[in-house]
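Look at the two complexes coming up: chain A is in both, with chain B in one and chain C in the other.
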Partner chain A sequence: MNVLNSFALLANGEALDWNQIPEYSLSDFIRNVSEELELGARMVSFFALPEGSEKRLVAVLALDSSSVLCVSRSQPFSGSFPSLTPKYPEAHLFEREIYEQYGLLPLGHPWLKPVRKNLNVIQDPKNFFSVEGSEIHEVSVGPVHAGVIEPGHFRFQCDGEEVLHLEIALGYQHRGIEEALLGGPHRLSIHQIETIAGDTTVGHSTAYAQALEALAGVQAPLYALWVRAIALELERLANHTGDLGALANDVAFIPTSSACGKIRGDFLNLTALLCGNRFGRGMVRPGFSPIDCEPKRLALLSERFEQTLRDALQAVGWLWDSASSRARFEQVGAVDTPLAAKIGLVGLAARSCGLVRDVRFDHPTGWYRFAQVPLAVWPDGDVFSRAKVRWLEMQHSGEFLKEQFNSQPEVESAEKITSLAPDKLSVSLIEGWRGEICHVALTDSEGRFRRYKITDPSFHNWMGLALALRNQAISDFPICNKSFNLSYCGFDL
Partner chain B sequence: MQILHFLSLVFELLISLVVWLLLAPLLPGIVNKVKAWVAGRKGPRLFQLYYDLAKLWKRGVVLSDLASPGFIAATAVSWIAVLAAALLIPLGPVNSLMSFSGDALLLLYLLALSRFCTSWAALETGSAFEGMGTAREVSFAILTETALITAVLTLALKSSSLTLSLMLTPTPGAGTLLLISGLFAALLAESCRVPVDDPNTHLELTMIHEAMILDHSGPLLAASLHGAAMKLLLFSVLLVKIVLPLDELSGIESTLYLIAGIVLVCIAVGLVESFLARYAFKKVPLFLTTAFLFCFFALLTAWKGFAQ
Partner chain C sequence: MLKMFGRSLKLRQVSAGGCNACEADINVLGTIGWDLGRFGIQYVASPRHADGLLVTGPVSKNMELALKKTYDAVSEPKIVIAIGACAISGGPFANHEQVRSGVDAVLPVDLYIPGCPPHPLTILDGLLRLLNRLEKQT
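What follows is the complex of A and B.
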């Protein structure tokens, strides 16, 4: 039997009738999913939802090479299900989350700890993987860190300066966003979406808009798609610039570090020029574009952008010119390509390990169907590689934006979305600056959200950081961490 | 006469104390100004460390539950040891009042005592960070101290003396160039500057000296910061005295040259911090071994020159 028959196929940014999605008994469902993963599909989302007194599993997989997403669901059940994790480690956090959210036990899961909540029902959250030995010492960092960063707990098992194992415990910023969206869209929903991860406001709000447009059967006007693409690339540039500056700061290389902090602000100010908010709040709304970029503003934007991009490329250029900085980045925190594929890395972290994964390329939607950004891939998987991919993406996005400023479409009138179609499921992927943002929305019989599943790229990638630290010097943790720069609140939801 | 001599001794002591206690916190200020200037920032005030010390002095002390009274004692002894080491160094026209044959050795021992006490205090807190910082500090110190001892041997060999006031006189030649290169590297390591350590980092995992004083607060932290500043001044004075023939100049000129020299050293430190990324820890021993080799070759040249 062709496995694909057991899945409903759809493209990114499309919706399906809930009844069209094939339903299988639990064991068949798990078998189908694992066969598909075996054939090279990638797990995009895997979650449970209540069905009466029982629960149901839904899997969304991506076939990147054929630009197709596939969805399948299990029949309602209760109790436990066979864990996919031992064979497909990319499922491990999804299964822990399913257990935490709906109490379905993944049988055979090797490390069933809470994901976000401090529950003792599973494995004691305070029980960390530990290493025995006379020379072994444990270092615990956080959740409160020096410097103004988000909270997360890191537990290192060290042999002298060498890290044998790192375990990361998050959830300190769990706000219950998925729960808050149930029964929506509410008036507050878009604002909640915009704050899933403050540095990825445009990414998440675009994914939300795309999911809603699919559910409402509405096509956003070209003008809105253009604005979204501009905003998304500006967000990418701002964050990449900030990250490269932060990497320079961590190795105490002052010129790049101080310049990039300022230039990141310049990019944010360009976003503010478009929508009035430096982080792009109010930039994206489902169904239409609240932004009207008149020619005068566009000219100013384009002019200031070119200057800012020049400044950014120059400042980062200093970093590459500094041999002492390059030496600090090379061969530190490497994740090899097979491992990266196995744990399901996405976005920038995956591309830095030589994996060709970019939603803008594999599953293009919106403006990216008309204008392509070249992919940036680097094979080594180390800190240098992640810095290099950022550098390449800055150049690519810069060129892309310069072209797009000259191809502004006509402003069209468009309506706000008032109601969603009932009993539909939509999948929306967006390549945010960190990587693949996935929003899966399911409506009930009245067209309200029955389930809204958000997967920030950080959810896939935190494991990458933990593995990058294996057999590395503990003093290299900060640059490894910065090179991934994952979101805590995007993970914690 | 006796009384006059005694009074002049007291006067000298007071001047030395004033210089070491009051001027030392200026040095990190100069370094930071240079860094800020290179980065295009305004940077903290030149006298920022004075404000910080005054603020810390007024604050209370939070002690680790595990710390014994040794925590406070060790911190104090560490500061006193640096001050005592500093007082051994002759300052321009003001001759060191405690000058005696062998004071160079005492200098090395006092610096080692200070390090021992800082490490002791760090371990008293029972924190993993501080243990890690101490392990790094003492591992790297093995190499830095070797370089320092070699440098002192070189100076002793050149001047056939073990008295600092006689040893710290410049001699022209390649040996001096080697010696100041080695000593400058040792200065960077001893005063926890880039590329060995990063005094500005907030990342506990990458710290050396900073990690050791993470649990110091209030006056104890002030003592640690002030001690570090004195150490920077101490090594700067050593470097300047090896390069500039201050003893041949008149009192005021010599003082001016000494000050200019110290400022130059601080600017050099600031420039190194501005343009060099910090080394990975595994590369630090290579850097310090190089410093040792510079001093060692200076020793060889001094020895050969002496033999001729």
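What follows is the complex of A and C.
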């Protein structure tokens, strides 16, 4: 039997009737999902939802090479389910989350800890993996760190300077976003979406808009899609510039660090020129574009962008010209390609391990159906590679934006979305600057959110950082951490 | 007290459920474009070196203890500055059971700086106003 028959297929940004999604007994469901993963599908989302007094599992997988997403669901059940994690480690955190959110026990899960809610259990020293031996010492960092950054807890098991194991415990930023969306969309929903991860405001709000448009059966006007693409690439440029500056700072290469700190702000100011907010709040709304970029403003945007991009490329160029900085990045914090695929890395972290994985390329929606950004891939998986992919993406996004400024579509009138279709499920993927953002929305019989599942790229990628530290000097943690620069609040929700 | 801090104010930042936008625009004041140091204000790594806290986020319950401990580690006299809509009232997360809906539910606040996030200029204006160091308009 073709396994794919056991899934409903859809493209990114589409919706399906809930009852069109094939439903299988728990054991068949798990078997189908494993078979599909075995054939090379990638786990995009895996979550539970209540069904009467029981619960049900839903899996969303991606077949990247054929630009198809597939969805399946189990029959309602209670108690436990066989864990996919031992064979498919990319499922590990999804299963921990299912256990924490709905109490379904993944039998055979090797490291079943809560994810973000039950902090007393998460941060109890007893619940960390520990290495034994007279030479072993443990370094515990956070939740409050030395810099102006978000909170998280890191525990290193070290033999001298060498890190044998790093375990990362998060949850400190948990604000209850998924719960708050239930019964929505509410008036506050869009503002909560915009603050899932503040540095990815455009990414998450675009994923939300796309999910809602699919549920409402509305096609956003071309103009809105154009604005979203411009905003998304500006967000990418601002963050990549900031990250390369931060990496330079961590190897004490101050020229790039100083300049990039400022230039990052210049990119943010371009976002503010479009919508009035440096982080893109108010930029994206479901169904229409609240932004009207009239010719005068577009000309100013385009002119200031060219200057900012030149500054950014020059400042990062200094870093590449510095052999001692390059040498500090090489062969540090490497994750090899098979391991990256196994743990399900996404986004620039995946592309830095040689994986060809980019939603804009694999599952294009919106403006990316008409205009393509070249993919940036580098094979080595180390800090150098992650810096290099950022550098390539800055150039690609820069060229892309310069072209798009000349391709502004006509303003069309469009309506705000007022109601969503009942009993539908939509899947919306967006390539944010860190990687794949996934929103899965399911409506009830009244067209209100029955479940809204958010997966920030950091959810997939924190494990990558933990593994990158294996057998590295603990003093290399800062550059490894900056090279991933993952979101705490995007993970904690 | 503020007179005492007037020429050298060291602040420790704590994100307590902040989305990283307020944090980013606090950070940016330290860069060459703003050069906060010229006003005698500096972000420091340890609460032991600080004269006060800059708090962002609605104060997630999961950060409440860490925030209180950080506050306790700052020596007296000390100030608390709440930055951004979340830190002021909980912002879009107000009344969620997972948060305390603002810093003043947990610590005494001396200055509120509004915005989502506040523009760096707004933050700078707030800090200088608190220190009574805004230059008089002529």
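Note that in this section the second predicted complex is superposed on the first by the 485 of 493 C-alpha atoms of A that agree within 3 Å, B and C clash if a C-alpha of one lies under 4 Å from a C-alpha of the other, contacts with A are read in each partner's own complex, and residues count from 1 in each chain.
Note that contacts are C-beta pairs under 8 Å (C-beta built on N, C-alpha and C of every residue); 3 or more make two chains touch, one makes a residue touch a chain.
The model shown is predicted, which means the values in this text are computed figures rather than measured ones.
**Q** Given the superposition on chain A, which partner contacts more residues in chain A: chain B or chain C?
**A** C
**Q** One more residue to check, A:Ala180. First (chain B), second (chain C), both or neither?
**A** In the superposition, A:Ala180 touches chain C alone.
**Q** Looking at A:Phe279 after the superposition, I want to know if it touches chain B, chain C, both of them or none. Which is it: first, second, both, neither?
**A** second
**Q** Thinking of the overlay built on chain A, is A:Ser258 touched by chain B (first), by chain C (second), by both, or by neither?
**A** Both partners.
**Q** Using the superposition on chain A described above, determine whether A:Val131 touches chain B (first), chain C (second), both, or neither.
**A** Touch status of A:Val131: no partner.
**Q** Just to be sure I read the superposition right, which of the two partners does A:Asp250 touch: chain B = first, chain C = second, or both, or neither?
**A** first
**Q** A:Arg328 in the overlay: touching chain B, chain C, both, or neither? Say first, second, both or neither.
**A** Once the two structures are laid over each other on A, A:Arg328 reaches chain B alone.
**Q** Could you tell me if A:Ala146 is touching chain B, chain C, both of them or neither one (first, second, both, neither)?
**A** After superposition on chain A, A:Ala146 lies in contact with both partners, chain B and chain C.
**Q** Which of the two partners, first being chain B and second being chain C, lies in contact with A:Leu105: first, second, both, or neither?
**A** In the superposition, A:Leu105 touches no partner, neither chain B nor chain C.
**Q** Is there a shared patch on chain A that both chain B and chain C touch, and which residues make it up?
**A** 146-147, 258-259.
**Q** Touching chain A in the complex: which residues of chain B?
**A** Per the touch definition, chain B meets chain A at residues 35, 38-41, 128-129, 131-132, 135-136, 194-195, 198, 200-206, 273-283.
**Q** For the complex, which residues does chain A have touching chain B?
**A** It is residues 137-141, 146-147, 160-161, 248, 250-255, 257-259, 322, 324-325, 327-328, 332, 473-478 of chain A that touch chain B.
**Q** For a test of understanding, state which residues of chain C touch chain A in their complex under the given definition.
**A** Where chain C meets chain A, its residues are 13-28, 30-33, 43, 45-47, 57-58, 60, 62-63, 66, 69-70, 86, 91-93, 96-99, 116-117, 119-120.
**Q** Along chain A, where are the residues that touch chain C in the complex?
**A** Those in contact with chain C are residues 116, 119, 143-144, 146-151, 171-177, 179-180, 188, 191-192, 195-199, 201, 242, 258-259, 261-262, 264-265, 277-279, 281, 487-489, 492.
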